[in-house]
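Please find the structures below.
After this come two complexes, each holding chain A, first together with chain B and then together with chain C.
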Partner chain A sequence: MPARSDGEWRLALPVAAFFALFFVAPLGVLFVVSLFAEPTMQTLALRQYTRFLGDRLHLGILVDTLVLGVKATLVCLLLGYPLAWVIARARPRVQSLLVFVVILPLLTSVVVRTFAWIVILGRQGILNKTLLAVGLIDEPVRLLFTEPGVVMVLAQVQLPLMILPLLTTFQRIDPHLADASAALGAGQWRTFARVIAPLSLPGVAAGCVLVYAACVTAFVTQTLIGGARLVWVPLFMYQQATGANDWPFAAAISIVFMFAVLFVVVLINAAGRGRRALVHG
Partner chain B sequence: MTPSIDRRTFVRGGAAFAIAALTPVPASAKDQLVVATFPGTWNEVHREILAPYFQKKTNADVTQTIMLATDQVAKLAATRGQPPFDVAILDEGPTLDAVKQGVLEKYPAAKSAHFNELGPPFRNEWGPAISMQAIGLAYNPKKVKTAPRSWDDLWNPAYKGRVGLTALNSSLGMAFIVELARLKGGSESNLEPGFLALRTLLPNVGAISANLGAHSALIQQEQVDVAVHNFNFIETLKGKGVEVDWVKPETGAPAWRTNLHIVKGAQRPDLAFEYIEGHITPEVQAAMAKPPHFVIPTNRKVVLSGAIVDKVARTPDELTKLVFHDWTKINEVRAAAIERFNREIKL
Partner chain C sequence: MAERRRLDLDELSFRVVVGALSTAAVVVLVAPTVIVLLTSLTASASLRFPPDGLSFRWYRALAGAGQLQRAAGNSLYVAVVATAASAVLGTLGALGIARSRSRWARALDALFMSPLLLPALAFGFAALMAFSLAGLRLSWLTLAIGHIVVCAPIVVRTAVAALAQLDPALLESSASLGAGRLYTFRRVTLPLISRGIAAGAFLAFMASFDNVPVSLFLSDARTEVLPIHLWQIIETNLDVRAAAASGVLIVFTLLVMLLAERLAGLSRQLR
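Presenting the complex of A and B:
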């Protein structure tokens, strides 16, 4: 090896230092805070963890949050997959226009997008007024402050995070593979199921991980659309940290939450990798 | 020759750029004060009335950031000694918390020209009460033909699914549950009767907003027709043409003082003092008390008028006789109350 490449790892030093200083160190502080037994932070104990994990209400909030993420991610996938496919197959000019339209929501603040949804979903909102006018319903449907409402909004708000990785994956699939599959006698569905779908799995996994992580931690959308009766972990943490001034408990919740989300993310990744191994094997 | 940058220059340049980008910019020479403000009416009167007054008087700039009281206390406690803002605006309960946390400076009342013009209950040694917030029944007159008169009216079967409440992270939410408890035989330290009452109210509750910002939207978007809300917030909305009105409950309007404080370690305590002084002058308070904001004044020189007289109190003396709760006791049970609210008030 030439001497020059020996030092290349040093290029990663700035970002490593940045991460150590602004991510790892605060996380360490968070962990230490979570080990205090009372809000005044005097004695060390694991009380906050047993308090969170030993209570059915708290565990319920954790499970609800993880499930909320799964629901929103699935809706995102169902909506995003076909759309990404259409964009990938479109003519170049149409394609750049469609990509622009997909990215457009990312250029507005999430608070603004979520408030727009309040106007759409409200009892006197656009959706209810339209359904009433068309005669599909007799009285307004409750959408705001319900879980389906939150899932709907999360799916829309996070959709670009699903479409972009899928799009990259679709574009990388060699179009000749589909032709080859057709030449060998496979129909369109069979080609999709045996060739396209398995090859797109890495994109699906990447999109799902991004959307999932964004959905479970979406404090703004969860609180504005969900209200105070639907409590998910981010709101619960916020209440403990600011409303109740109980930092150790809030810190313990965030540590547990981080590992729980990490676990789901690892599962999604494993699913993406495992299936791919099958295809190539 | 193609222009080229050698590796060394590139790395050095990059490092210099990164360091420059990460270095906090020192406050500019121009005088700059950073203050906290509340959402809704508060943010409007501070921007439109107090900021211009302050700028004219001191020739300094002021940046106002919107933050709930509990968020301010949490931020001040987290950044002890390096506060992100110089003036805090806190309701009674959070003020007590902030004093306990040691993040406030005592108010130099001796230097103040207006402190003694305030009603006696409004002269807090940690910072003057600049107003009072009173809560009552907000309703949509287009949807609700006979105006509600008491808290008991919230249980009216006609309001099934049409009542709006807010979570306990704001003084509004906390004051409401305390008032319910008080009326049902409990007290600030015994919220049990309040929670029992709240549970029987649930069939009527259409929505519980997670924070104050979202609470006004409930009424504006006609998601609910009757709600527990602040007097000024509703008057401000009404002034903007929203179909809404406010009624003082027969049992009295629960009220609490809102204080301005100089934060400990403030970068410009001198400007912070001037800013707070501005807020307690009769001139500024009179301007804020006008429609559409109707911010209740605490300076006795301000003549009460308009909706404040019609709906809250006729004289400065009457103002001191609204329903005041003991926030020292409330603070002791607040954490437990939030926990219980989550446990019992879920769908």
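Presenting the complex of A and C:
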């Protein structure tokens, strides 16, 4: 064994060099630039960080973005979890059809998927027309350029990222466990709550991490559905970087944002693992 | 008797809730694609669903949309270059880390996966600043490099998964029969992991073709890519040509996906 894999890791060296040069070094530049006090980059100071974190308005944008991700992830979980369960239990032919239905949107351009929702959510859109026809509303509701609209679209656009890891987890759960639970007299809900749900937690955590990270950074969906008045971190950072040409500030925003997202991702992972330890212990 | 009824209610309510939510999920997954396709066939000049009359006029209008075509050509060019480079780099990277348990290999694994975890927008901005401070002007090369950074990890992931399923005994028998390392790689390893590499390359291609966060910073007027151009059309004047272009993209995605499924078993690689 050692003789064979001996020195094999050296194959990765050119790739490592590429990543060091074009990924790690730029991130280093990002950090260094964030330490400059002014766009002309003369003096070093932590001013950009206090400017972002010390301002109610700026801090509000950060919090709004993190919360937006939580809302969209929860909607995604609500829709994705049952479908993943159905797919895992479906007959092979139905299963491959449903997997196809999940993967096609995943591979379709995000711009295209978001664009579809403009047609659906607009004042003259399908949703408004349907709700008017059914009589649930008297006049068109504003859905585009509102936060609930963005949450809905984000949840839809990222739904495949939730379903795929859940599907993998469900397929690994021994079907005999549910049968055993039923044989012991537990109903469907009880079996679900006591057997299936705890065992699926790693998949839930994996799906939530992917969806959350995708939702908070979804520049296209946030700008097209949210419009210009609803500003979340990606658009704000982009405006500072290109519109205002304030590189140090945009760099500091990027770094704070990266760590904030990383923090939430670690929290989600810890929640998934912590519960699993409880189940097995 | 009462017990029996309670059980039925339990079963029924479970089925209704799961059924309703998963049906909603399927509708929500399928509807946008169908709606874009139908909207793009409208005969009128406004985006409306259901469309007012059917026609291919907006698809014909694409033939005259020079800027859109140029952007599509640019995207295709960058995606092909980025995919080819990602396939080579990703395979090398995977070969280096997949079977080694050393600390270095673990560290490299984390390094190769991190572009997938970090917000790509931050990386795009960082790359813009790095190139500009290094005195490099934005070009095809800098755009392709940015795309390779976010696409190569996808190939690393699928190639590592393929290598993990490779039986080491095969490599040992090849070696004991006197084959050199390169010969073993060419005749044993590569054929066995080629589906994994191909699946990764397909995903990398789609990721590059659809990339916005990196292109937003690294492409300029000359290298404008399709998703950015479409984003601008939709944001500024919401032209029906955007629907027709979306329709073309959907059909294109569908074809690439069917090809990938045939050649590389794509749907199995994604799970």
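In the analysis below, the second predicted complex is superposed on the first by the 264 of 281 C-alpha atoms of A that agree within 3 Å, B and C clash if a C-alpha of one lies under 4 Å from a C-alpha of the other, contacts with A are read in each partner's own complex, and residues count from 1 in each chain.
Here is the rule we use: a residue touches a chain if its C-beta (ideal position, glycine included) is under 8 Å from a C-beta of that chain, and two chains touch if they have at least 3 such contacts.
Keep in mind the model is a prediction, meaning the values are calculated, not measured.
Asker: Put the two structures on top of each other at chain A: do chain B and chain C fit, or clash?
Answerer: Chain B and chain C clash in the superposed model.
Asker: Where does A:V231 make contact in the superposed view: on chain B (first), on chain C (second), on both, or on neither?
Answerer: first
Asker: Go through the superposed model and pick first if A:T221 touches only chain B, second if only chain C, both, or neither.
Answerer: After superposition on chain A, A:T221 lies in contact with neither partner.
Asker: Of the partners chain B and chain C, which touch A:L78 in the superposed model: first, second, both, neither?
Answerer: second
Asker: Contact-wise, after the overlay, does A:L57 reach chain B, chain C, both or neither (first, second, both, neither)?
Answerer: Only chain B; A:L57 stays clear of chain C.
Asker: Using the touch definition from the top, say if A:A12 reaches chain B (first), chain C (second), both or neither.
Answerer: It touches chain C, and chain B stays clear.
Asker: Going by the contact rule stated at the top, is it chain B or chain C that touches a larger number of residues on chain A?
Answerer: Comparing chain B with chain C, the partner touching more chain A residues is C.
Asker: With both complexes overlaid on chain A, does A:V112 touch chain B (first), chain C (second), both or neither?
Answerer: Touch partner of A:V112: chain C, not chain B.
Asker: Tell me which partner A:D246 touches in the superposition: chain B (first), chain C (second), both or neither.
Answerer: The first partner, chain B, only.
Asker: Once chain A of both complexes is superposed, is A:F145 in touch with chain B (first), chain C (second), both, or neither?
Answerer: first
Asker: Would you check which partner chain A:V101 touches, where first means chain B only, second means chain C only, and both and neither mean what they say?
Answerer: Second partner only.
Asker: Clash with chain B: which of chain C's stretches 2-10, 236-244 or 254-262?
Answerer: For chain C, the listed stretch overlapping chain B after superposition is 236-244.
Asker: For chain A, which residues lie in the overlap of the chain B contacts and the chain C contacts?
Answerer: 11, 14, 115, 118-119, 122, 124-125, 223-224, 238, 241-242
Asker: Please give the residue numbers of chain A that touch chain B in the complex, ascending.
Answerer: 11, 14, 39, 57, 61, 115, 118-119, 122-125, 142, 144-145, 223-224, 226-231, 235-236, 238-246
Asker: Give every residue of chain B touching chain A within the complex, in rising order.
Answerer: Touch residues, chain B against chain A: 11, 14-15, 18, 68, 70-71, 73-74, 97, 161, 165-169, 206-211, 214, 217, 221-223, 334-335, 338-339, 341-343, 345-347.
Asker: Mind pulling up the chain C residues that touch chain A in the complex?
Answerer: Residue list for chain C touching chain A: 6-7, 10-11, 13-15, 17-19, 21-22, 24-26, 28-33, 35-36, 39, 47-49, 89-90, 92-93, 95-97, 99-100, 102, 104-105, 108, 111-112, 114-115, 117-123, 125-130, 133, 145-146, 148-149, 152, 156, 168, 171-172, 175, 203, 206, 209-210, 212-213, 216-217, 227, 230-231, 234-235, 238, 242-243, 246, 249-250, 253-254, 256-257, 266-267, 270-271.
Asker: Name, in rising order, each residue of chain A that touches chain C in their complex.
Answerer: 1, 4-5, 8-16, 18-19, 22-27, 29-30, 33, 78-83, 85-86, 96, 98-120, 122, 124-126, 156, 159-160, 163-164, 167-168, 187-190, 192, 213, 216-217, 219-220, 223-224, 234, 237-238, 241-242, 247, 250-251, 254-255, 257-258, 261-262, 265
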